[in-house]
């Protein structure tokens, strides 16, 4: 067996063991981590491998989250069924968004996606007959909720959410792994590294860039759906610009472009507030410090990253960004 | 008195060694051509002098050894480097490009500008246009004009005739010759060896990062191997 | 009719602030080639510094002057310590870094000064002046005047001074700029310092009418992006005119298109950004990047 | 491989954070402590409202220093949700499942409370004296028996302003309304319309909403002025309310202004320059420390003492702190009434049988009164008028039909 397969096996083993040793509440926190994990995987595909930046991935999560919430609350669709629909809706929107994105260079794409993430909550609030406005949509106790918020198959509700999220998370991880190792992944990186060279070798750059947008958005859609199911609630403020930015932090923490680091980034998003609380003389209740440290982590990592990547690529003896 | 001296200069790009100990001397007022095949190290030799590549070995200017060469510092010492590909500031106007040439002297002097426009009347006509909109030949003229604005003691040129119509290339070399007559030392890297050897007084031939041959341009023109390899007859 | 004119006048007043921040964005983009997402938060931080000096008994103008000096130093320090190490790497790295600064500065403001809104006494009176049925204040006129004065100064700096020439050269082609003797790292640092100063002016001008709190410039940043893009990302004149146009546009659309109302102002600004980027990326005043291959 | 190990290490770190197991019996109650939990916007645009939590915390500390409640000390744990309801849900999940709180107390915000009530009720955790005045928290007790609000219902607040307009200017009033376009704003506006009754249609000349993420409301105020109104209702939060005063003044518009309770604390009103807010009317139920009438009051003095001793960095004239203390006072009363053998059912029984007339932080005449079928702890309020940079209460304590 190759080291990566061993690592994946170990990872799955840890995931299986965790619920037995963790409290019920930590289990559900890790379920939320799973949702972030999936969103970061998507961001890795898009930004890490096709070189298109998105500062607005929270917006695709919102699309997924609202697809699930509206279907569950208003159309009697079972929560599990809404997940692939959320992926399809978000993925479809991603494909559509990917076309104009082709026309935008890196900086302007960053600007546009940032703008979309800032604006989306106000649009969700405006169309309140559809989205429930700022009140949001409560899913807890809805008949379409698997386990009705109590639990299922002898699992507590939290354990159920954990199993659901991480089963999908592992499946999508394997999918991303396979995808990026396939011809598709190679073509993506070829386009990223040199559009000219890729075009010369017959790769249709537009097709691959748009597809990457679609795949990435579908991942985020699943993440949003799972997030909504996890929290059993969704509202416009669930998907603020800070969520998008934190996802970016998560992707950077996970050594941008490496799906293996996604878990690390996801854990950071969830637990950084707790870690900040451990610093002496810092009152986490003030809120400011946590935000500050999120920014600081990003800044420090961006400064350290070139160094880390150089070392990593020496160790792994691989090319760009050291890993895939 | 030698203006420029390279002693055993080595340079590398990452893992690839481009210069394996280049040694050559350029006298004050000289016009030197560097010849060689692709990848022989001509361009890197120029870059070694202007400090745009990291090197080991010694580079001497006026007999003084130079430590910590940076492009800015070399510009201040009177070395003007016109890299290959007519590097101009594409979104700046022709006039601004020329003004930048005189950066090391503070503000550009009108006299100097007039001088450049005398050499290149086309540039005067197009002085308010964006540099990026000029034709290839005009851009090369601009690059050269900009270098002249620096009133350099040593002018380094990389492939000034590349991609230009023969008539324009000759025009450029004509200007170089006139500049050289007024005392500017010139080192030119040129694919068109015929043209280069006509204009230059001395020449060096580089192969795989070393100087393999050097001497009077006129002598080299008669050299059998040079003729076969670079002059094509 | 009075309301129509009033909305235009108010729009110009808000637009002046958008334009000022847009000017800072344009300056940094022009001199370093980067879009600085932290610009709004840097402006807020400067405004807090100024507020702190004033609340310690300083008069406005000395406090303002000191804030500009501190902001300039801060911008320089930021470039030399944080931006420079990854300068020359991929541009997106620097963009992500500015996002980190955005988050960090916002947290820092909240940490130090708390989240509650603070009153900020500006240099201009907010007492109303009425002409016909239309009202405005010295504050509004002051902001617009400051925007144009700053614009003129930036214009002179860029087109009439040696420093401006160096700044532009360093941005367009850093390698080439070094060859002619321009100290490129110093130019980039100066660019950041100057942008921080412009941001500080925007922040201090905005604070009296928006009320000072850590998120003060967050929405303004998006408006400033829209203004800068509308004017053409590289044109200082475009930034200010774009800001004023946007301010008026948002007010008129918000007032007369009931479907949009006050709730979709941000969305309107985003629509402007997307439309300009996709249809005419050079904006109203920007020159198409000339490039011949 | 190293990276994967890193990930494992971090997971292990997360493991290390497992909290201690809960005590037996009623969750959150031990022989020496009662654990209460809450969530509120400690950061973000609504951060000022978190003063409620800090005020309550201060009062609990004060009570603890005097022996606590029935021999137990109150441990009050509150988390930041940045006014994002889904974070409120996650916080509440943590408080109930991880921190084993006995009850949720004074969760801040209408949307946050709406988001958590299904979960909290399904978990059987009392969610008491929520810092929201949404009418639904008092009305839907059949569906949500474990939930009860505290603040005067927003709909009632709207009605009181309507009543005042009808009483003073029914003939000539032309009303313009600026409201925050969310549940809060719409709730107040609905109450206001209901209070005007049949006259609502003719008296209200224009209503305009704003989004709370906006930077300013200048355009909206100009629009309202253009409607020709002579009465201006501001149903808006903090800085938007102040901006409304400032912009109206700038436009030379001098209507009779009504400003909602959430933005009428003196500490906020004083941000208005000079005379821009002169004559504005609001409601009052807790004692505003800056109001001259209450300056020498015993309750105000107690509040100031608590701020000084237990709330570092707190501003003694911050009305949110006092509101929090008022809630905490009622909570302590309820806990006392629930008895030595504290259960969650017992607490709900106590909070639905409140009859508290001695809350020192409330305006004289405002009582905390509830029954199992009337769950509006504070159902009455007094009007007050801004004059010479302070509030002056006028008229008696009144209430409205809900």
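Think of it as A, B, C and D in the order they're written, each chain with its own count starting at 1.
Please note the rule applied: contacts are C-beta pairs under 8 Å (C-beta built on N, C-alpha and C of every residue); 3 or more make two chains touch, one makes a residue touch a chain.
Bear in mind the structure is a predicted one, so any value in this text is a computation, not a measurement.
Shared contact partners of subunit A and subunit C, listed by label: D. When chain centres are defined as mean Cα coordinates, B lies farthest from subunit D. Per-chain CA centroids place subunit B at a distance of 76 Å from subunit D.
A straight line joining the Cα centres of subunit A and subunit D is 35 Å long. As a whole-number value, the distance joining the C-alpha centres of subunit A and subunit B reads 53 Å. Looking at subunit A, one finds that residues 122, 125, 286-288, 290-291 touch two or more other chains.
Counting only residues that touch two or more partner chains, subunit D has 42-44, 47, 181, 211, 213.
Pairwise chain contacts in this structure: A-C, A-D, B-C, C-D.
Of all residues in subunit C, those touching subunit B in their complex are 162, 165-166, 168-169, 172-173, 175-184, 287, 289-292. Of all the residues in subunit A, the ones that touch subunit C in their complex are 47, 53, 55, 100, 103-104, 106-108, 110-112, 114-116, 118-119, 122-123, 125-126, 242, 245, 248-249, 252, 286-299, 302-303, 305-306.
Looking at the complex, you find that subunit C touches subunit A at residues 34-35, 37, 82, 85-86, 89, 91-93, 95-97, 99-112, 115, 214, 219, 222, 225-226, 229, 263-264, 266-267, 269-270, 273-274, 277-278, 281. Those residues of subunit D lying in contact with subunit C across their complex are 42-45, 47-48, 50, 181, 208-211, 213-220, 222-223, 225-226, 238-239, 242-243, 246, 249-252, 268, 271, 273. Residues of subunit A that touch subunit D in their complex: 3, 7, 10-11, 14, 18, 21-26, 28-30, 32, 121-122, 125, 133-136, 138, 140-141, 149-150, 158, 227, 231-235, 237-238, 240, 255, 258, 260-261, 263-264, 267-268, 271, 273-274, 284-288, 290-291, 312, 315, 323.
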